[in-house]
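Shared between the two complexes below is chain A, which pairs with chain B and chain C, respectively.
Presenting the complex of A and B:
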């Protein structure tokens, strides 16, 4: 008997197949990377090569949820739109009832709860997205969380989701240095370097959003990204030259 | 007993509200702020039934913010005023109407400054100057006499002061102080609190 039909059924060996298939859908989505620095948080996404006739601005994979939180996702864009909309309403609702902005953990938990509900409902399929949620709580601490279609969430120092997430995560594990995270430039550079591992054509296919404590989210324009890419490539060359000398 | 006033200049809007929060015959609070910041360039002044005012104003405020989050840009003052009016009108025709009188003041990059008068029956009117409360009966005629569309900021403050002095002179109820704010292309600015001469 096939156990992947209805979402509400466990398989004999304890799997929820629909949730696992949703995770497969996520693995097909374009890569997203998140890095948590000391004073800055960064989200970067791989932009699929935009066709000539398409308007670049309508392909936005990084969404602001509120003034202090924003999110990037990997997977089904339409599913993300629904989740992001609900989260945005919840952010304002929270402000209305409690007179405080949401903490990053609160909104992550809210999104995860929605996702979990859809793994236990009749006739509905899970959301096919994983998301990286970053921001600053009102006490100033930076946060980075990842949610999955199953409804679980974890806090991370740096993470990647989507296509080639494993490669990027391994790169991050190698290159993440706690001391480096004090400098905002290093935080941005780490995110860009991580994305360059998997993005084919360099700066053109990267979209980057940064947030400094107490400042609104800023989406870097193409020129700024190119500058970082050039700096990184120069540093790589320097490193190569040094290696050859020794 | 509560009083709101708004005056539109060439490239700014100036608004003032009294600071008294009363419960029957007792002044509970003399530093109540009756203005709600809807966005960087829009203020909502709200008086009326106790509780209804804050509930309605905060609801509108958060919905305006939600629009900004969803769409990436802020609602214009005209759109915000019409949105508020629609909400008020819908609630009026329900079992739970809000009894609030509003002034909405804002600055639009394209259309310039704007002042909107709205009452509890959800009537909306764009006006160069407007006021709510018993004080309006006394001060509308003062503004009729002295208002000019090309008022400078200082002249507008002077006109405001004339109005408030009149309130102090003729209103049976003492309104000791008024919060004053100005909206222009650079956003919302706090001006000095106006205290009528001879007020306790």
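Presenting the complex of A and C:
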């Protein structure tokens, strides 16, 4: 008897198969990377190449939830649209009732709760997305959270989701240095370097959004990204040369 | 159910829920569901009017009313002073009623109007504040707490609730003082006084207030405000309960009988 039909049923060894299949759907989505620096938070996504007649701007994988929080996802785009919409409403609802902007943890908890509810009601399937949520709290602390289709969430210093997430995460574990995160450029460069590990065609398939404390989110344009990519490639070459010399 | 979701069918309860909010909301900021079901067509305020002395039938149920409470901000925090008389018509139900609810070490609420309404709704507010702290690991802000109370009042607007309350606290934004009443009014300010003795209290505090008061001067001003109001207002009396909201929480300053205080202030007169 297969235990993956009705989502509300546990398998004998304690698995919720639908949730695990949702996680598989996430692994097929394009990569997203998030890095939390001291004064800046960065989200980068791999932009899937568009066909000739398609308008480049209609697919945005980085969405602002409020002035101080934004989100990138990996997985089913349509599912993400629904979640992002609910989160945006909740951000405003929070502002209305509490007269304060949401904390990143609060809105992450809210999104995770929605996701969990869909793993425990009849006739519904889980959301097929993992998301990276970054932003600054009211008191100025930067935050980065990751949510999963199961409804769990964790805080991270740097993380990746989607295709080849494991490779990227290993790269981040090797290259993330606490002291480097003081400089904004280093934060951006780390995110770009992490994405370049898996993105084939270089700068033009990367979309990057940054946010500094007390400033609105900014999506970098193609030129700025190319500059970072060139800097990184130059640094790589110099590191190679040094290796060859010694 | 899934079919209902797809077809867009909403039954009556759900429609109402859309307006007021439904279900177990883990982010439930306050009671969006009405706590008490009111049958359609009922007019509680009309009913209450018919029960009091003005109505017919010889029935006379006078709700507990009448009080004086005041609060003002100054350089060193917020002073809160209340009287302690609970009256039902011309009957003094209690001379030591507690009109300040200590929600948490950083939040106070005062009560004036119908004692039952105040006690119930402010205790409910205290419960919501505790839940907020458990869910968000942070104490609730004064503006949020006053907003919760205000929304509770708005849910029953026009139905005969009677409550004039001040929410006083100290949070990340500094000292906070909000006035909330049964109409759903919510005002932030530097000084408020509520109850039927409020005009007397306003007179005293307005004339004695200056920004650079010392703490002792502020205590004295709060005491005077209540004492003079109880002297002239029949529905206020008992003792003055004085609180001081500071950065690290509130302290209860004193609890003094107004008859002793009035003799002190008006030495030559008696």
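Rule of thumb we're sticking to: the second predicted complex is superposed on the first by the 246 of 246 C-alpha atoms of A that agree within 3 Å, B and C clash if a C-alpha of one lies under 4 Å from a C-alpha of the other, contacts with A are read in each partner's own complex, and residues count from 1 in each chain.
Quick note on the criterion: contacts are C-beta pairs under 8 Å (C-beta built on N, C-alpha and C of every residue); 3 or more make two chains touch, one makes a residue touch a chain.
Note that the structure is a prediction, hence the values are computed from the model and not measured.
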Touching partner for A:124 - first (chain B), second (chain C), both, neither: second
Touching partner for A:15 - first (chain B), second (chain C), both, neither: neither
In the superposition, chain B vs chain C on chain A residues touched: C
Contacts of A:139 with chain B and chain C, given as first, second, both or neither: second
Partner chain(s) touched by A:95 [first = chain B, second = chain C, both, neither]: first
Partner chain in contact with A:65 - chain B first, chain C second, else both or neither: first
Chain B versus chain C as contact partner of A:85, first or second or both or neither: first
Chain B and chain C contact sites that coincide on chain A, given as residue numbers: 93
Complex interface listing, chain B residues touching chain A: 58-59, 62-63, 65-66, 69-70, 72
In the complex, chain A residues that touch chain B: 64-66, 85, 88-89, 91-93, 95-96
Touching residues on chain C, where the partner in the complex is chain A: 1-2, 5, 26-27, 29-30, 136, 140-141, 143-144, 147-148, 151, 172
Chain A to chain C touching residues, read off their complex: 90, 93-94, 97-100, 103, 106, 109-110, 113, 122-124, 138-139
